[in-house]
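Below you'll find the structures, each written out as structure tokens.
Two complexes follow with subunit A in common, the first pairing it with subunit B and the second with subunit C.
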Partner chain A sequence: MTKHLLLSGAFGLGLMASALPAAAQSCEIPVGSVLSITGSMAAIGKAIGDAGQLAVDQFNEAGGVAGCNVKYILRDDQGSPNVGVDAAKTLVEIEKAPVILGAIQSGVTMPILTSVSVPGKVVQISCCSSAPTFTQLARDGGTGGYWFRTLPTDRPQGVVMANIAKTKGYKKIAVIHVNSDYGVSLARSFKAAFEKVGGTVSSVTPYNQEQASYRAEVNAAMQGDPDSLFLIAFPADGATALREWISFGGSQNLLLSNSLRADEFVKSVGAQYLTKAEGIDNAQTEGPSVDAFNKAWAAKFGSAPNGPGLHTMYDAAAVALLAMEKAGKPDGTAIRDNIRAITTGDGEVIFPGPDGFKKAKELIKAGKPIRYEGATGPISFDQFGDVTGPYLIWGVGNDGKLTVVDKWDKTRVADAIAEIDK
Partner chain B sequence: MLQALADGILTGSIIALGAIGLTLTMGILRFANFAHAELITWGAYMALGALAITGTFAGPTPPFSFGLPLVFATLIAVVLTAALALLIDHLVFRPLRSHTSHMTVVFASFGVSLLVRMVILLIFGGSAAYYSNELQIAIRVMPGLRVMPDHVFTLGLTLAIVVALHLFLQKTRLGLSMRALAENPDLVRINGIDTRVVVRWTWVIGAALAAVSGVLYGLTVQLRPEIGFQLLLPLFAAAILGGVGNVFGAVIGGLIVGLAESLSVLFVPAGYKMAVPFFILLAVLYVRPNGIFGALRGGAK
Partner chain C sequence: MSGYLAYLVFFLIVALTYSIVVMGLNLQWGYTGLFNAGVVGFFAIGAYGTAILTGPDRPELIGGFALPFPAGVVGGMILAALAALLVGLATLRLREEYLAISTFGIAISIQLIGLNFDALTGGAQGLTGIPRPLFSTFGTPGAYNLFYLCLVGTITAIVFAALQVALQSPWGRLLKAIREDETAAASLGKNPALVRLQAFVLGSTLMGLAGGLYVGFIGYVSPLDFLPLLTFQIWAMLIVGGSGNNRGAIVGAVGVWALWTMSGFAISRLLPVHYQSQGGAIQVIIIGLLIVLTLLFRPRGLIGEAQSVSRHAR
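Right, the complex of A and B next:
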């Protein structure tokens, strides 16, 4: 069934592609996309593919890119690295695509990046892969700058928390974190950032989930008399560990991770012990550029764009195409060098949609700067190709209710990261 | 170091209480009862339920975080847990014990344990609960050692129960019959002792200890429907380490497991602490296949 749909979809795509050139330019620029249309991520892959298609259609409506029509070629990776690499190879070597969008899973994205995109000098933008290994690879120079992603990693969280710890005057902080990919990488990025702003991390203690008691871990974390604690945990285990920490006379200067923002956690620990605590969480992106995408999506598909990866995939495609327009040619290296030019600076703001892209084309033609604000709001890639998201800082009121203490928009987060990277 | 020692002894004493009940039933009833861990959860939650009634009469008694209400609630929990144990024995284990092989009873105990856990989940819900929402702040006894009054109480109670149980097994007629049943069931029957009564009392004592252990656990950590399941492996490790059927062995086994977990954190990353007691278990069983205090044949000592 799925296969059948896929075939007919591909057929329809081919028809569209062959019908369009007659209406506009005679040349075609391929934009490749590798996503999981089948396999374990199939449930979300189809809609993510549609989000990329929407951006491409809007560009063609606005008159194409670099004087040509854009041809969106979507390939299925079936959730498997081998299939994904094969698909990407075909896109780059046979279709001559200068850009690959995808993949969804980090395990598929990584081999495509290292064995296809970087050697082929092709820009790769992922909507959905959040593994910290990409940042590390970029730091080691393994991506050649061809790697970007529109989904925030957990590194900004670590940086923001380090800033809060510094503002609060904490000098020596203990970290207790859940022993998972998420916990390990957040603890690591926090430690690096906090040491960069002049603080000391007295200990980093991992804990395994679902254990009877965390007294031993709490004890280990207390070594070296820390003046505060950063707890990266999930609500139930986090409550156990934190109660034991407070019982043992641990400091009530607490920093809490995003996963602890739950009423259950506050109730279990006791609100009276959390009055000095501050936590972080992802904030909902808002603004006219986000609305523009939401409206366009609803108009085309008749439903609200609720689902992972839709906003980020749209922006991945839009950023690639705008950079290509700015570069003036479908060349991977030229696109790479122009991506930051169209997302930062004081240029005129461009919103998603055919009208926005038309305006962008005119401004670029006139040699004027533009700044794209997309479906995920303002986008600014750091030197490793990562973006930041907006965050909110939460606290606990005397009545035990969760409150919002502060908000960090993307610019403030980006500034803090730039400060750390200096 | 001192603190880790104190924690180890505390965790160990709670495990020990549960392990005594387990080792008694294993030694006398001659099968590994996986549902025993669920009796601990049941006891803890029954006390929570009873506390809703008894808690209205009086507040906590300093320096402890609890007062007489919890003591009464624990007594009620002991009765209810013993009732559950007897009910399980009557409905599941007794019919199976006489007819089928050993393994059937063991697997039946698995099923029973799941059933009990789900019933608790159904009644009380899955989120963590506490006997008191007040947190007790530890008292600094000396540099590097903080102790909570509740912990001292737990330790003292464990000690008292172990001594009482020892006297019971050594001096009373019932205690002697229990040990005899463990040693040689046929001989006991020949001597005209009603084994059904002895079995019943074994369940009652095992369940009562489980309930107390559950309450102490809930008091010092928290209440969750999975606490019994999480304690299952440490309990078995302690019981086997000390030698099946041996009360003092179970206490020493519990302390070894507790201490190994808490001291190991000083030397290996905390993520691996669960494995340490089992390394010790392996090593001990290699040298003494029947456990530290285990005799060559089964029996309650």
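Right, the complex of A and C next:
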């Protein structure tokens, strides 16, 4: 019996021993990544891992970071927080990675952040976790500034809509929203922003999806005599609710969420009621820096980079490595302090790709400022580590066609957010 | 602290927390023969209970009572015990597979309540900013983790010692008697239903205790922490370690959790960089393979149940 125990013990030791030589190479900087390669997110996890690998490979081609080669260490979280946290802990303590990229699901990302990254003073950049709780934690001071993400949250949308409501002169607005993750957080961030710019939210009313009528919800929203309505809904339910709102004599001063930008919504409400309405939507990121990534991806993997998280993961890795180069050493705190230095300011613009990174290295060496424009376009982090995206404002013409009324690029969005945070 | 040591401390905190859950399951399955397939549900109640009782007050949440950590953990245990009492009264008349199916369903229901009862549990976004006990007293995370390991280790030792005493008492022998032959135990004037309920509630309370310790260490809780997979992991720990033996339960918890985590580490070291995205699949295969091999060579687990009539008779 003991023999078996000994055998399995010896097997375990053998595994460990044969693992050791890999660590003994000279001057390698580890960059850790925790993603769902198996488990419920496996379908998208592998490609996201490849996007991180692409950025690291391009850096190594450009001559590495801080004088060393970069070693990309990808660990699987199996879609479970306990496995993900453990993987992150080995990356930080044993591999000595100063940066962790990931994870995908917020429920995995958050415990890694609170129990590994922040106490270990390691920068964590997520490609894919959009939960507003991270912003909340950062506001409470729980992230120590070590948290960043390259995926826009709902918050900028709320801020932009609050600005539009203010410019339009709305004083007292009612909010009706779909009772989901998305609806709740957008309503919350809109309310906070609108109150900050001096408006009043008369009521916030959630509704459950796929009901025949929303009379009760509409009635509740009408209390307090609002002069306008912000409707956060999906097209079919949104049309039902809005028809009832209008037939009860509700104001036609309407703000609409991104999910309502659909012809079927306009048709079933009636275009004549929507001429004063304005809505928001994510604008497509475009530009030469985005093309540079798309081309590099196609050249390496033979397909277009279609899939969630690829562009944002690439940028997460690139931002981390550029900040490390700027800091000159693989140290979490130094990287944290340099991330904004390489994404804001009037420095020379750096695009994705080995040539871009080579140029960045030369400029940094010469002590000149750089500004990274990545696979998601120009990128800048606010004080809570969140990024913004470009947005468009849409309206409805007299003929019932959807039109684009206005465009908010990232700088304008960032300015609006800075104004709110002041 | 050097890297490996710091990691080892971290690893042991999690593994010993699980060992408390495994001892709870061992009381239910190993000694009393109750097939609880809803382990994660009671773990979740303890975790959420502690998080709600100790968490900071937030305007959008019902909870956030900011109680001291020990009160939170005890509160979580009481909640887990009450839940187990309700579940036990409703289901313990069921036998083996029926009990398994109903407890499995209950665990999933509990997870879904966590996901949907936003005002209490924070819904899918979970509860953040749960204070870690005495965190500010310790300067470095390494020192803090060492403290927490001592805390968890002490609690594990107390649970182990208390269970050993209880299981060697007449009550402990009664559990085994009911497991082996319920009719025979009843014919001796014992009340099997009551004793089964006691074992079920006590085991589930231990799971709740572990949930509270887990939350105190991680500082965050979300429904993703309580997927049915965790129940499977706990069962694997008990079966590999040796059901019917608390030493086996602890060895199984540490051993299986080491296998689960170190296999990923070993793979990331051994695989060439460009095959890393295949590593996850290999890891899952290795975990399964090693568990199967253990059971082939040691069908009663690493440390199985000692065969005895009574410790007084040879």
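Here, the second predicted complex is superposed on the first by the 396 of 422 C-alpha atoms of A that agree within 3 Å, B and C clash if a C-alpha of one lies under 4 Å from a C-alpha of the other, contacts with A are read in each partner's own complex, and residues count from 1 in each chain.
As a working rule, a residue touches a chain if its C-beta (ideal position, glycine included) is under 8 Å from a C-beta of that chain, and two chains touch if they have at least 3 such contacts.
Every value quoted in this text rests on a predicted model; they were computed, and no experiment measured them.
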Joint occupancy of subunit A by subunit B and subunit C, clash or fit: fit
Which superposed partner A:Asp140 touches (first subunit B, second subunit C, both, neither): second
More subunit A residues in contact - subunit B or subunit C: C
Which superposed partner A:Gly107 touches (first subunit B, second subunit C, both, neither): second
Which superposed partner A:Pro119 touches (first subunit B, second subunit C, both, neither): second
Which of subunit B and subunit C A:Lys359 touches, first, second, both or neither: neither
Partner chain(s) touched by A:Gly270 [first = subunit B, second = subunit C, both, neither]: first
Partner chain(s) touched by A:Lys329 [first = subunit B, second = subunit C, both, neither]: neither
Partner chain in contact with A:Lys196 - subunit B first, subunit C second, else both or neither: neither
Closest Cα approach, subunit C to subunit B, once both complexes are overlaid on chain A (Å): 12
Footprint overlap on subunit A, where subunit B in one structure and subunit C in the other make contact: none
Touching residues on subunit A, where the partner in the complex is subunit B: 179, 205-208, 210-213, 215-217, 219-220, 222, 236, 239-240, 243-244, 246-249, 264, 268, 270, 273
Of subunit A, residues touching subunit C in the complex: 1, 4-5, 8, 12, 15-16, 18-19, 22-23, 37-38, 42, 45-46, 49-50, 53, 71-76, 78-83, 85-87, 89-90, 93-94, 96, 105-108, 110-111, 114-115, 119-120, 131-133, 136-137, 140, 142, 181, 184-185, 188
Residues on subunit B engaged by subunit A in the complex (per definition of touch): 3-4, 7, 10-11, 127-128, 130, 133-138, 140, 146, 148, 217, 220-222, 224, 226-227, 230-231, 234, 261-262, 264-266, 269-271, 273-274
Touching residues (chain side subunit C, partner subunit A) in the complex: 3-4, 6-7, 10-11, 14, 60, 118, 122-126, 128-129, 141, 144, 217-220, 222-225, 227, 229-230, 260-262, 264-266, 268-270, 273-274, 276-277, 279-281, 283-284, 294, 297-298, 302
